[in-house]
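Each of the two complexes below includes chain A, the first together with chain B, the second together with chain C.
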Partner chain A sequence: MNTPFLKRLWQGFERTRVGRSIFRVGLPQSNLERSQAMVSSFLLHVQPAKVNRHSLRASYSLGLGLVSLYLFLILIGTGVLLMFYYVPSTERAYNVMKDLQFVVSAGLVLRNMHRWAAHLMVLFVVLHLCRVYYTGAYKRPREFNWVIGVGLFLLTLGLSFTGYLLPWDQLAFWAITVGTSIAGYAPVLGPKLKYLLLGGNVVGQEALIRFYALHVIVLPAVAGLAVAVHLWRVRKDGGLSRPDEPADLVQQVELSQLPVNKTYGLMELARGRTPQVDQNPEDQVFSWPHLVFRELLLFLLVTAMVLFLAIFWNAPLEELANPIHPPNPAKAPWYFLGLQELVSYSAFWGGVVVPGLLVLALVLLPYLDRGRRGVGRWFARERAVANSVFSLCLLVAVVLTLIGSLFRGPNWGWVEPWKSTPAITEEH
Partner chain B sequence: MNSPTSPRSDEVSRRGFVQLTLGWLAGTFALAASAAAAVRFLVPNVLFEPSLRFKLGKPDDYPDGSVSFLEDERVFLVRKGNTFRCLSAVCTHLGCTVNRADHGYHCPCHGSVFDEQGVVKSGPAPRALEWFLVALSKDNRLLVDKSQRVNADKYLVL
Partner chain C sequence: MNDGSVRKFYGWFTVLGLLVGLLVVVGYYRDEYREWKDYQRRYVQEEERRASTPQQRAQAALIPIQVRQILLPDLNRVDRCTTCHLTVDDPSYGGYPQPLAYHPLHEQHPFEKFGCTICHRGQGRATTVADAHGNVAHWDEPMLPLRYIQASCGQCHQAADNPGAPELAHGQAVFEERGCRGCHKLGGVGGVIGPELDRVGARRSPDWLKQHFLAPATVTPGSAMPPQKFSESDLEAITLFMLSLTGEGAPGYYASMKVIPSAGEGQRLFQQKGCIGCHSIGNQGGKIGPALDNVGLRRSPEWMIQHFRDPQTVSPGSVMPRFGFTETEARALTDFLLHLRDQKVALSLPSLMGPVERGREVFRKYGCAGCHGQDGKGGVPNPNAKTAQQVPGLTYVADGYTKDELKARILKGQHEIPALDANRPPPPLYMPGWRAAIKDAELDDLVAYLVSLKPKGEDAGF
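Here is the complex of A and B:
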């Protein structure tokens, strides 16, 4: 036996009384223990003991949901650390940013990680949404999990928005001003909503502390809970969608016809079937090690990517908030520039109606598109119409974002990025 | 639940009906009241914000034909001859501060353009910039009241 020293040391610890009391099942040696390891661990038991090979194929899921989850975890870790220094005060917040940059050990890298992880999370949540759409994975029985996913997408945007206000730099101040003004255009409740968000009529201390509370506890708590439900439902719906999935809900229909005065065991009530029924055992592999180690590897990759970005690129920090002069042009982060471009045509139509209808369409999608064909494959030909419509919307969003990012200059006027920007003339 | 008075299991007895109704009503009311109280809690009763009425310098501090930007109040004071007017510098679109330009005002955020009278010439702004009431105090200083909007043709004449 040529077992590595560390592994032998670990196994020695496992066999002690203390080790047994903590882990119950040690590093699995047999298939039985591989199942036990998954079931007996709090962190692992949300996952099945065996998993379909299809779910493991990186070319199917691209790991986008997991990457989003890992970014969320990195954001919680770095965010909690940043909270030890941050003060939600208009007089001190900006100075804390400078302290983090120049004084606090590792403060710069932590803030950079937090910012880049936030940007990446928006990107990967959108990519994850696209993956689920293009593979038709939102269809029955996963309709409601798609709706939760749409909610998580909005929560991600809300977390980003409330987050970039906290440094109290120019971006922060004008983003609150513009963002809450858009809320003010909402029908009926608009002005009241704006007043509630700002805690008054002007953007100041009350607004900062409200967004702070939203950013550090309200939204993360809701998002954390939604993530838990999202993952749990993936498990309950039989893992990732795949082409050869058995017809669903059969057993529930049968359940309603069973006698009601009998006590049932859990196995009789659980929806779906045991993994063996109708399925090729060859398609199932043990989660330990096949799933768990892939997940760990991906976590390492994501952390390395965020760290790499954080070490080589600094998170932007604009000048101290100045209520007198908006920067010219005053631009939101890239993921809101499509919205800003829309808003530059009309605040009501671009800021309220179009985004509202898009969200409504996303929520209703799985209940409107009920065809069962083409699930579990990328760009299935049976879904050509649905995929084309989605691609068109996506293209419009990308084009709007590109216009907002590259082709808008001072006074939101049209500029061509390959030419030098005209000098900004301001007079008062 | 199968008492002799209820022959079928899906039928609700009188007592059961009253209990159910009261129970649901009480539960709904408790939830609604808590939610309303929480929302009301978040609506501030006292604002620690700058006053909407403020005092400026003497009329002669602002030369004839000038448009002065008053930073803290985010307004322009416009003097023409012996007339004084006060124009809001807050864009009616999404609240950015507009910049003075030749023959009007430009908003840097989303590109609205206003003329000298604050009327929208182009861009997404839905309304003209607002004009505020200007008065003269007893100690001969200009007073502006941002809570009182006036028409563009209303002047303080000295």
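Here is the complex of A and C:
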């Protein structure tokens, strides 16, 4: 008997009446049970019973989408715990931050986890977007899932941005003041949008309560739903994109061409195919354990990463928000600093036209770039032009963000971060 | 099913599981260890050491290790200082070193009502030494050095009336004598050349303030303020007075308590209630009631306080009405009357002064001396001004202007000061218009004072 003790204990529990009622299948012992485990579990059934080896390759997906999902889950968990303490009031919010740090058990670690996971999520969502682009994975039939993904990217920014205000310190106040003023540069609708967002002309109690409601209910609910649809479509579109996918992957069933005096099974009407059709059985492995275990391991890794950051580095907290003492320079959150840099050249072109066109281009991309070649491979030579254009945009965005973050000092003047910053003289 | 590939997972699960577990344990211990717990254990040890009976020792061992705090909702503060400073209210710890020292003199300001940070500043919510004492980044209020602790009295109390804070009164006197108000607004009164000072004490450190008085341009490049020459004690006093200007309100409970029954407060009340209508001081005032010049010799303080409560009870048949003074007001008025033996106090009552004396007070009130010098003698530098690079003195102002011209000039001000050299920066000091601030009667008195500045006997000078 070589079975580990914990496994035996678990199996003993499974065989009881209660265990059976909960897990139905239990730890699978045969291939049949491995399939049943996937299909009968609510949490697992969004994934297929068998999965293509190519999809498991870490060097292909880098697990970036999953990491983003896990960060989202960690943010929901820590966020709900923080809600037990937080009060969205300009009088009390900052005091809550201080109490979390000084008297609440694990309060500081909790806030740190939430903060760092939020920054990481923005980062990983962007990386995930880049991965999907460079592997051409947005092409048919996955066009609309790419659009949903772009939506999730914007929702992530929105979640991070609305959360940025809640500590009600100088950093929060002025970052949101700068961020919302960028929104105000849009013609016609801009000032209205800014007013709607802030509930007034300046950041104050009304803005705080609006950002709070958006941050804890509206945006997480929409994002959660969008994530569900995003994952469901991955499954329906035949899993991750692969190089060996047949070009005519999807054949829409034309109902009008079917004889009408016939009873149809669901399989005949369903769009697309199951992952098994037309595929070499040799390329398929059971999701349990090959996919599920990898996913669990990645979750442990992400948790460890966030915990590590949260234990050893504290989330920033500056002085209490003070509307009459702006820091110089007042900076937006880091992911908007590229935008702020653009705005410093031209409010209208940098703040409205360029980002507007970029988002539009991202949304329309799968409908404009309809070539079928180079899907499922990194940096495919057939996609050299598309990849170059994207890389150039990415490079510009990264450089602008770096300039905005590191090279901008008082009055948005040029500073070199390795030199000591000139003393800021206050207006007298 | 390939068993080898599955076994590989178990290795990874073990490694990552242990890593997460380790991080949770490390996180727990870092969170559980708080430096205040060390201080509390030391306090318990000290209590055990001092215990003389086994019962006392057992009691000491039961002292809970926990955060202690004083909740001050009206002041929007929570002071956790007593988490480490556990013995502030225990006189038996007199003379102990910090953090276990006893805090004397808190009868007037009980800890449960005032906490600690309203006077000492620092960060009340914090529970580590560095954070609580406020010497950390992103905290604007480090602890006030004990040297300047009197500044905190001035947050709620009138500086001049505070017998416990003589240096604060000294600082305010320096402020008014030097005419700082000529350029700086305080409490809504003053000029507009420099910044308002209502919250300056919350923003600036003692070192910054001192440096700024002696050489303003070194800490605020381009400042228009002339360097000040102060004696060491004046410099310390005005720095302390500046530190008292924090804009900290004293709401609710605290506002009702802030009047100290001082002679100064009594004088204000005496003026405000119109006592002089019936009583006289120095032969000036009404004749209905008795003269008050020597009342302090004739009556005891207890008699006076009772008299203020209800004149009939100690002086049957008196026609003086019951004013309904509070206990504090009665004591303040009594204090003032006891001081009346001092002629200077009596003469400083505005209603007993002539226009020239009142005008001198107006000159003082609006800080004219800040630019025009003590008694209008001039001498304050104003680089690149045509008038000898100084703000002109006012001694002979009556020769050049009629009274109406003077009034017009004060009300309108003069914003463009002629420059000596057009290529250099314009003179930093200018004459603000005072129309919005000064009252008509004050203007009349001020002009009377200015005219009086000319030395006697020089009328026929030209």
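By definition in this document, the second predicted complex is superposed on the first by the 413 of 428 C-alpha atoms of A that agree within 3 Å, B and C clash if a C-alpha of one lies under 4 Å from a C-alpha of the other, contacts with A are read in each partner's own complex, and residues count from 1 in each chain.
The rule is short, and it goes like this: a residue touches a chain if its C-beta (ideal position, glycine included) is under 8 Å from a C-beta of that chain, and two chains touch if they have at least 3 such contacts.
The model shown is predicted, which means the values in this text are computed figures rather than measured ones.
Three-chain overlay on chain A, with chain B and chain C in a clash. By the document's definition of touching, of the two partners only chain C reaches A:301; chain B does not. After overlaying the two complexes on the shared chain, residue contacts for A:191 are found with neither chain B nor chain C. By the touch criterion defined above, A:181 lies against chain B but remains apart from chain C after alignment on the C-alpha atoms of chain A. In the superposition on chain A, A:356 contacts neither chain B nor chain C. Looking at the shared chain after the overlay, A:317 reaches chain C, while chain B stays out of its contact range. In the superposition on chain A, contact is made by A:340 with chain B only, not with chain C.
In the superposed model, A:328 lies in contact with chain B only, and not with chain C.
For the superposition on chain A, the stretches of chain C under consideration are 5-13, 59-67, 185-193 or 203-211; the one running into chain B is 185-193. Touched by chain B in one complex and by chain C in the other are residues 425-426, 428 of chain A. Against chain C, in their complex, chain A makes its touches with residues 31, 34, 91, 95, 98-99, 101-103, 105-106, 108-109, 169-170, 286, 289-290, 293-294, 296-297, 300-301, 303-304, 307-308, 310-311, 317-319, 425-426, 428. Taken together, the chain B residues at the contact with chain A in this complex read 39, 42-44, 47-50, 67-69, 71, 74, 93-97, 99-101, 106-111, 113, 123-124, 126.
Of all the residues in chain A, the ones that touch chain B in their complex are 174, 177-178, 180-182, 195-196, 199-202, 204-206, 323-330, 340, 343-348, 350-351, 410-413, 425-428. On the side of chain C, the complex with chain A involves touching residues 1, 5-6, 9, 12-13, 16-17, 19-20, 23-24, 26-28, 30-31, 67, 76, 78, 80, 123, 125-128, 131, 138-140, 194-195, 220-223.
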